[in-house]
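Alright, structures below, take your time with them.
The two complexes that follow have subunit A in common; it is paired with subunit B in the first and with subunit C in the second.
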Partner chain A sequence: MMQRPAWWMLIPAALGLLVFVVVPFVCSFGMSFTDLALGSPHPVRWVGFQQYQRLAADPSVARALTNNLIFAVVITPLQTALALFLACVLNRPGWRLGGFYRSLFFAPVVFPMSLVAVIWRYLYAPGASGAFNQVLNALSLGHWQPRDFLHDPQLALPSLMLLSIWQGVGLQMVLLLAGLQQIPADLYEAAALDGSSPLLRFRFVTLPMLRNTLIFTALMTTILAFRVFDQVQILTHGGPAGATTTLMFELVRSAFERLQMGRACALTVVFVIIVVVLTGVQRFLLRQKSL
Partner chain B sequence: MRTLLLATFLTGCAHQAGPPGLQIWAHEGRESERQVLTAQVERFQHEHSGPPLHLTFLPEGNYNSQVQAAALAQKLPDVLEFDGPLLYRYVWQGCLQPLETQLKQSTLDNLLPSIQKQGSFRGHLYSLGAFDSGLGLYGRKSLIRQAGARLPKSPDEAWTAAEFTQLLENLAREDTDGQVLDLKLNYQGEWFTYAFSPALASAGTDLSHLESPAASQVLNTIQGWNEQGRVDANVDDAAFLTGRVALSWVGHWEYPRYASRWGDDLCLLPLPNFGHGTRSGQGSWNWAVTTACQPSGRAVEFLEFLLQDEQVLEMSDANGAVPATRSAIARSKLYGANGPLRLFSNQLLQGWTAPRPRTPAYPLMTSVFQQTMQDVLHGAPVDQVLGQAAAEIRQDDLDNQGYR
Partner chain C sequence: MRDGLVAALACVYLLPIATLFGGSLAQDGLGNYGSVLQRIDFLTLLCNSLVISGFTVGIGTLINSMAGYALARTTFPGRQAALAVVLLCMVIPFEAVAVPLFYAVSREGLRDTLSMQILPFVANGFSIYMFYTFYLDFPRELEEAARLDGAGPWQIYSRVALPNSKPALATNAVITLLSSWSAYLWPLLVTAGPQARPLSLAIATFLATPPLHWGQIFAFGVLMVTPVLLLFLRLQRHFQPNALTSGIK
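Right after this comes the complex of A and B.
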């Protein structure tokens, strides 16, 4: 039973959500049934589901959704596994350098994506003098042919993924680290007394105890994978030929470059539905545990 | 719901109830440009007594979005600066007032033809600029001569596209990595329309006719240069400065860097001729008076002031752009009769430039074409990409009832 002060304390957050999330979304929902064009002197017309029908038939939207899906499917397991690995390695109470490495791995999260993207543009530079091309050339003993990573239809999306993992893994690591520190030490002690190896302890103590944190971080990563925008805008602009376009990129471009607000609002609604479904999945998985 | 939406999103350009005087919005630009404009506003107030001028600088990155938002909120200033090709959308929205009857005939006659063309729409002149831009090829004389090519001295002597392609191959033979041309592929956004739509004009077509054989041929040619490995990716924006390439396809703004690096070996040449004579880019930031500005006498007087030779030359010195009036060009060190950048002013004076499409659809068109151009440069099938782009532009035109 919630107490009165709790309701009071909810007000600021609830107001914020109402003003910045609920109201804009309701407006977007309404506008998605119009042909609203930013700065058009023509009266706004109601066009029913036309914007949605067009989205369904638009190959660039299909491409964007596919790219988002690939992004989510590849990034979520990879990034979660890497974050778990880092968290386990760093979870050593009393280790002096722990704080240093934690900050080191967390640092990219603090950098704005725009800054990170500009630096990675140099790493991905085409030609034999580009940083990654040089490294790959050295590793392959000269067998690597220089590639233009960000403009190569096959490599552009994976290149953005690699950069995103590097930038995002620190946040999950910190969340998982917090989860790890919640696990009571006596569970490990008991398991060790029973003669279980570190690997078995990880499998039968760490993983089950981390289950909810893992589900949360994995779903958060999935939702973030659907929100990919900055690195696309800065590094590839959706190209080459749609290879890196995403829902968010299509949406922003529609609204603010092409001034097609009706279409952008319809894309927003589609986007929100996807995120709500993902959140629903998360709640379902978590609830099964607590039953 | 319906009425609420309509009420909120109908456009309007009414005036804000601000302090008395003229509200002026300008883009931030460089520090030197801001200083000059601020000084000019003060000078004008000193010389022409009357209500005060309030100058506001807005960041360039999302300048247009801010103006669009202000138009929706009915809070436009009296005098507005914007990037040239956006003019037609503002006119379509009913935000700007015609200037041709308000300006002195002598002022109009003195304007560059390119400025008049860019500022005119549906029979009226709505905007004017204090400066224009120039686009061309910077080259290293020694390398071009070594490759056995002639040096075009004027726009009518421009290399043909075939000659240019051949020259790239000849230059590549003497080049360590074979990349001899800088197309500023590191630039973003508007650059691709500004830099490459003149090539379409040179082939006798434009952004409204992307499905034409001429457009396909131009884009195939440009794609060919990159596919042959002749174009430097220019990630460090120094391909020409470090001597990696012999030719750089870029605007007037690179002159100071290039001239101080290469001195007498630097030459300025017209862009290649794709069939109907070379065409260069034009257009830059423009001034207009909004419909909200009533009476508009002082605003027009301010624009006349900005077009005086001294003011035009001062701004041109600050940002390096081409002065917008004939008399100022004649007095300019860079753009005058024997100036090193005379080609740019000649191109603008003699009609060798093509304005970007003069239509309210421009924001969409340029967004579509930027994508098209980047896809083509990186190997996408030209005709397919052009077909999609043309379809998008057609659909947008239908959606907006022909922008009438």
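Right after this comes the complex of A and C.
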């Protein structure tokens, strides 16, 4: 039985969504077909698909998209596997250490990314006195040559990925743990009575029951890989030579440093298309019955 | 072997955290904390962060839970359409609207204000949807008694539903707080000076301002993360990760 109409209770939220989400979202599309620039004395011109044509021809945009793609392709499986491993190990009722580990692995989630980037800049310090260089030197018994992680074209992007995983795995772990706890215990008992090994139980009970949580969190991580910005801006500024530039970094550079709003909006639209496609894939997979 | 692997991972995990807290006492010990307060106007930055996050969480929780309740429990023309809009807004990340908003804020001379770091984040499709699914499962018997007493939707929402929504409120508050306290991109765009800057952005400017003194930088970091860490530990009991995946069932 429904209550009396109360549409007015929607008004504050609806107003907020309208002014700060719907209208600017529509504006993004409109502005991407113009040459709008902040503070420019010239009147705004309608330029059709010119901004998009320029983006397509711009090697730094291609580089950014490639980096985002590498980020997503590397991070999603790694982080999901690590989170799944931790969740399975920590899902042990009555284990004293479990609570400690859970809090420890979740703690970085509470750290703002800017703080994470600052801490890791210290750890990645170049030269023999840098923290990681020291650790690697000790582990390799003195065979490690000190590297400048954040300024090395080969190492810069993986270095950013590592700290992103450090910060991101906890949330995924907690979501998977919640999923694990919803699996009815009698499924495991039945499987154990059948004499199946722990590995078989993981394959035929845990994985199918966790399927939706896994898909949800994996695609959440993929989408986040296309939103990477803070650590790039603080640690590498897209360098060395574009090795760590990302879509968001290019977007902010267009809007903020060059004040080219039209171009930045075209990049926004590209970003939106990627996110919408990934969300579509997510929803589609969640609706399927099996993998 | 599994336990050994977890212990090894825990060590790797602990290293950056230990670096932060240990490093904040290196060189000048507790003097690092005093130096931070001397070198920059830390209190202003802290107040900015507290005001921005406090209002975003407070107003946001109120209006989003109100909207979620109205969608779940009342009927009105256009309810289905409103629900569809909420679902759409859920998919749109903030970055997708940042440029037009930045343009509008710059043109209207609203940079360096706290309100422009609060208002855009108050109404949130994800929060509304979370409350909507929560109130769909809310036991109707609780509301029925109030309704028979002649209470309207507002009274039932504020006197019955809200006081019984602790898990949803806590979960929503934690998520909103974490994202608000970490805001970086938007404050970078809309603050030119320190007067309206939050801590999350200021730590990066502090890092970039010579002299580079890691003890002080880490002390800044500890001061910045401690409030959220404490609050999270307090709310942890009510925090329900399940709510985050409410859309997948």
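Quick note on the criterion: the second predicted complex is superposed on the first by the 269 of 291 C-alpha atoms of A that agree within 3 Å, B and C clash if a C-alpha of one lies under 4 Å from a C-alpha of the other, contacts with A are read in each partner's own complex, and residues count from 1 in each chain.
One rule holds in what follows: contacts are C-beta pairs under 8 Å (C-beta built on N, C-alpha and C of every residue); 3 or more make two chains touch, one makes a residue touch a chain.
In this text, all values refer to a predicted model and were calculated from it rather than measured experimentally.
After superposition onto subunit A, the modelled positions of subunit B and subunit C overlap sterically. In the superposed model, A:M31 makes contact with both subunit B and subunit C. In the superposition on chain A, A:L123 makes contact with subunit C only, while subunit B stays out of contact range.
Of the two partner chains placed around the shared chain by superposition, subunit B is the only one that A:D148 touches, whereas subunit C remains out of contact.
Legend: residue contacts after superposition of the two complexes on their common chain; A:A264 is shown touching subunit C, with no touch to subunit B.
Shared-chain residue A:W7: touches subunit C; no touch with subunit B.
Look at A:H237: by the touch rule set out above, it reaches subunit B but stays clear of subunit C. Of the two partner chains placed by superposition, A:L200 touches none, neither subunit B nor subunit C.
In the superposition on chain A, A:F256 contacts both subunit B and subunit C.
Once chain A of one complex is fitted onto chain A of the other, the partner contacts of A:V44 are limited to subunit B, with no touch recorded for subunit C. The wider contact with subunit A, measured as residues touched, comes from C rather than the other of subunit B and subunit C. When the two complexes are superposed via chain A, 56-64 is the only one of 2-10, 56-64 or 128-136 in subunit B with C-alpha atoms clashing against subunit C.
Shared interface residues of subunit A, touching subunit B in one complex and subunit C in the other, are 27, 31, 36, 38, 121-122, 256, 261. In the complex of the two chains, the subunit C residues touching subunit A come out as 2-3, 5-6, 9-10, 13-17, 19-20, 23, 63-64, 66-67, 69-71, 73-76, 78-79, 82, 85-86, 89, 91-93, 95-104, 106-107, 119-123, 125, 128, 140, 143, 147, 152-154, 156-157, 178, 181-182, 184-185, 188-189, 199-201, 203-204, 207, 214, 217-218, 221, 224-225, 228-229, 232, 240-242, 244-245, 247-249. The part of subunit A that touches subunit B in the complex is made up of residues 27, 30-31, 34-44, 46, 121-122, 125-127, 130, 148, 151, 153, 237-241, 253, 256-261.
Note for the complex: subunit A touches subunit C at residues 1-7, 9-10, 12-17, 20-25, 27-28, 31, 36, 38, 82, 85-86, 89-90, 101, 104-105, 107-123, 131, 166, 174-175, 177-179, 182, 212-213, 215-217, 223, 227, 229-230, 233-234, 248, 251-252, 255-256, 261, 264-265, 268, 271-272, 275-276, 279, 286.
Interface residues of subunit B facing subunit A in the complex, by the touch rule stated above, are 1-2, 5-6, 9-11, 62, 65, 68, 71-72, 89, 92-94, 177, 188, 233, 235-236, 363-364, 367-368, 370-371, 374-375, 378-380, 385, 396, 399-401.
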